[in-house]
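As written, the chains take the letters A, B, C, D, E and F, and residue 1 is the first residue of each chain.
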Amino acid sequence: MKPEQTLFAVDHFQKERERLNALVMSYAGLGLKRFYSLDSQAYHEGALSTKVKEMLGLVASFVLRCDDCINYHVIRCHEEGVGDAEFEEIMTIGLVVGGSITIPHQRRAFDVWDQLKRQAEDR
Amino acid sequence: MKPEQTLFAVDHFQKERERLNALVMSYAGLGLKRFYSLDSQAYHEGALSTKVKEMLGLVASFVLRCDDCINYHVIRCHEEGVGDAEFEEIMTIGLVVGGSITIPHQRRAFDVWDQLKRQAEDR
Amino acid sequence: MKPEQTLFAVDHFQKERERLNALVMSYAGLGLKRFYSLDSQAYHEGALSTKVKEMLGLVASFVLRCDDCINYHVIRCHEEGVGDAEFEEIMTIGLVVGGSITIPHQRRAFDVWDQLKRQAEDR
Amino acid sequence: MKPEQTLFAVDHFQKERERLNALVMSYAGLGLKRFYSLDSQAYHEGALSTKVKEMLGLVASFVLRCDDCINYHVIRCHEEGVGDAEFEEIMTIGLVVGGSITIPHQRRAFDVWDQLKRQAEDR
Amino acid sequence: MKPEQTLFAVDHFQKERERLNALVMSYAGLGLKRFYSLDSQAYHEGALSTKVKEMLGLVASFVLRCDDCINYHVIRCHEEGVGDAEFEEIMTIGLVVGGSITIPHQRRAFDVWDQLKRQAEDR
Amino acid sequence: MKPEQTLFAVDHFQKERERLNALVMSYAGLGLKRFYSLDSQAYHEGALSTKVKEMLGLVASFVLRCDDCINYHVIRCHEEGVGDAEFEEIMTIGLVVGGSITIPHQRRAFDVWDQLKRQAEDR
């Protein structure tokens, strides 16, 4: 039960994501490629900042209850400088909108958040 | 096909919402009352502004595809000063996350948005 | 704003349901017919009473947010003798599990419930 | 209760869809436009025929329970020459996968299908 | 392939749940705390017994397809004295309402149920 | 990080599925048994070929985001002779309809597909 074992492996998550994205792209036709491209463009700075867009992506993923999507946007929110209180308020809106069925995802989201913060402190 | 007929009846929507909320409250026990109270508190100014919180509520409602919830948050976003470009970017993130299954809701959301803007101009 | 206009038309709901069920059956093969048959058998008295089963059907329909399914089970719960306090507790569990996204359905469910009670009193 | 009243208004459905699509496009940025374009390209003839792709779009819309999306794909399937028995088998797979919560949508889908067939016979 | 390895680790499930609940609470503001409190109060004895409420929570979690929520309510139903035949009937209603998409969750739910029974027999 | 470790264990998946199906059947009443029977009959050759039906099952499972169901239909599609280009087009329709929330499932689906192909080549 060492802390290393229970830590959410951000590096592993990112590498596996890249490996599988490359695999998808090796099969992908034009439509699929365009969708993946659209997906990353949607979060680029615009009238709304990337930070706000990542918060929107997080709450949308949260109420739809997709752990990998939640993990991705939790990491991105952390990178964009979302603070503890902001993160907690996103989680509150997500929980109120999505109900107790989201609680297991919420536990895991706070776990990832907590680990990202501790990793940042260790650097 | 007069504009009056196709306009989303914001006033009617609000009144029906209030009538039915009152009906729910006439049956509600403590748990139900507390939930409705939590639901409105979640959007109060905090670390995040009410404007950002309403945008979060809108995108969450949008990907979960509930027209009444979307209508409510579209109205609230309009009241909080969300602009056209911001609204369009929320709709883009919602569409990319939620897919084409959200398109009928998106059409109706833009219809409500467009009517709110025209009503505001008429005043 | 006469009460007749706002009353949920239970009779109309039942007749339209029967008309369309007959239409489906006119096209249905064996698989479809068996599913519809399974669907009604699932609520027959067993280890659990029909009353409890209808409450289960109601909460399941509620969190999945299908108005017609909710209406059907609200009517059936009323027929099976579910009381106000029991109905309110089902609605509370449904709301807590399913979140605020269910609130528009909850408003309509209480509206149907209220009308069924008033109709019963009028007899 | 004249047949004209109960007929699903295909023409009205198409016109309202076009009116709102034009409204969305009047607000749309590049991302939104690209998504709508991707959405129509996905059903173009490829390794799979448009007919099979429309059947895939129908069953996907059906299990996700979006009436407007179902209506659209029922009309497209009818145009692509899907027959009664094929339609019934798509509806059976959709019902088995999606459960009884899809039944109200199934009733409406068969209603639209039946009206499309009667309209075709009238010509 | 020893039985110890395949057994659902109820103790581990409970401990991990408590660890993460404590983590969530360390970040939680008033809104989040109130929601978690509401969530446990909703299942307290009232007009409906806790046993019936846990059955409602189970079927709601089941059709929404959240394994952790299902596990939690399967354990609670077992504690409240739900019997095999009652459990099977809840699973039947859940399957009919939610469709074959719930089958993988149903397999796991019966697996947990079976293990809880065998653990009880071992005591 | 040997290839054996990362390969999706088709054999293990099938065996665990059979073990749990047998467990479910040991508890199942008539309704549950009939549903499981209906579920397999729905994909039998009819007006539509089993191949097309499995493609329908795949896209339905995909947009509902159930990994085990997706795995099952990916394996069945492979057995029925679905080709790379056909599989990619099903995945494109699924992604467009279901949105980016399906992407983690899509990555895993292509991973299983890729492994099935490599296993077939090894024989």
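Throughout what follows, a residue touches a chain if its C-beta (ideal position, glycine included) is under 8 Å from a C-beta of that chain, and two chains touch if they have at least 3 such contacts.
What you see is a predicted model, and the numbers here were worked out from it, not measured in a lab.
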Each chain counted as touching subunit A and subunit C at once: B, D, E, F
Farthest-lying chain, centroid of Cα atoms versus that of subunit D: E
Subunit D against subunit A, contact positions shared by both copies (same if over half, else different): same
Most widely separated chain from subunit C, with each centre as the mean of CA atoms: A
Subunit B-subunit D separation of Cα centroids, rounded to whole Å: 27
Euclidean distance of C-alpha centroids - subunit C vs subunit E, Å: 25
Computed distance of Cα centres, subunit F from subunit B, in Å: 38
Residues within subunit C bordering two or more other chains: 29, 31, 35, 38-39, 42, 46, 60-61, 63-64, 69, 85, 88-89, 92, 95-98, 100-101
Arrangement of touching chains [line / ring / star / complete / other]: complete
Subunit E-touching residues of subunit A, taken from the complex the two chains share: 65, 84-85, 87-89, 91-92, 95-96, 100-101, 103-104, 106-108, 110-111, 113-114
Subunit A residues within the subunit C interface of the complex: 63, 95-102
Subunit C contact footprint on subunit F (complex, rising order): 29, 31, 34-35, 38, 41-42, 46
Contact footprint of subunit F on subunit A as seen in their complex: 17, 20-21, 23-24, 27-29, 31-32, 35-36, 39, 60-61, 64, 66-69
Subunit A partner contacts - residues on subunit B that touch it in the complex: 38-39, 42-43, 46-48, 52-53, 55-57, 59-64, 69, 83, 85-86, 88-90, 92-94, 96-98
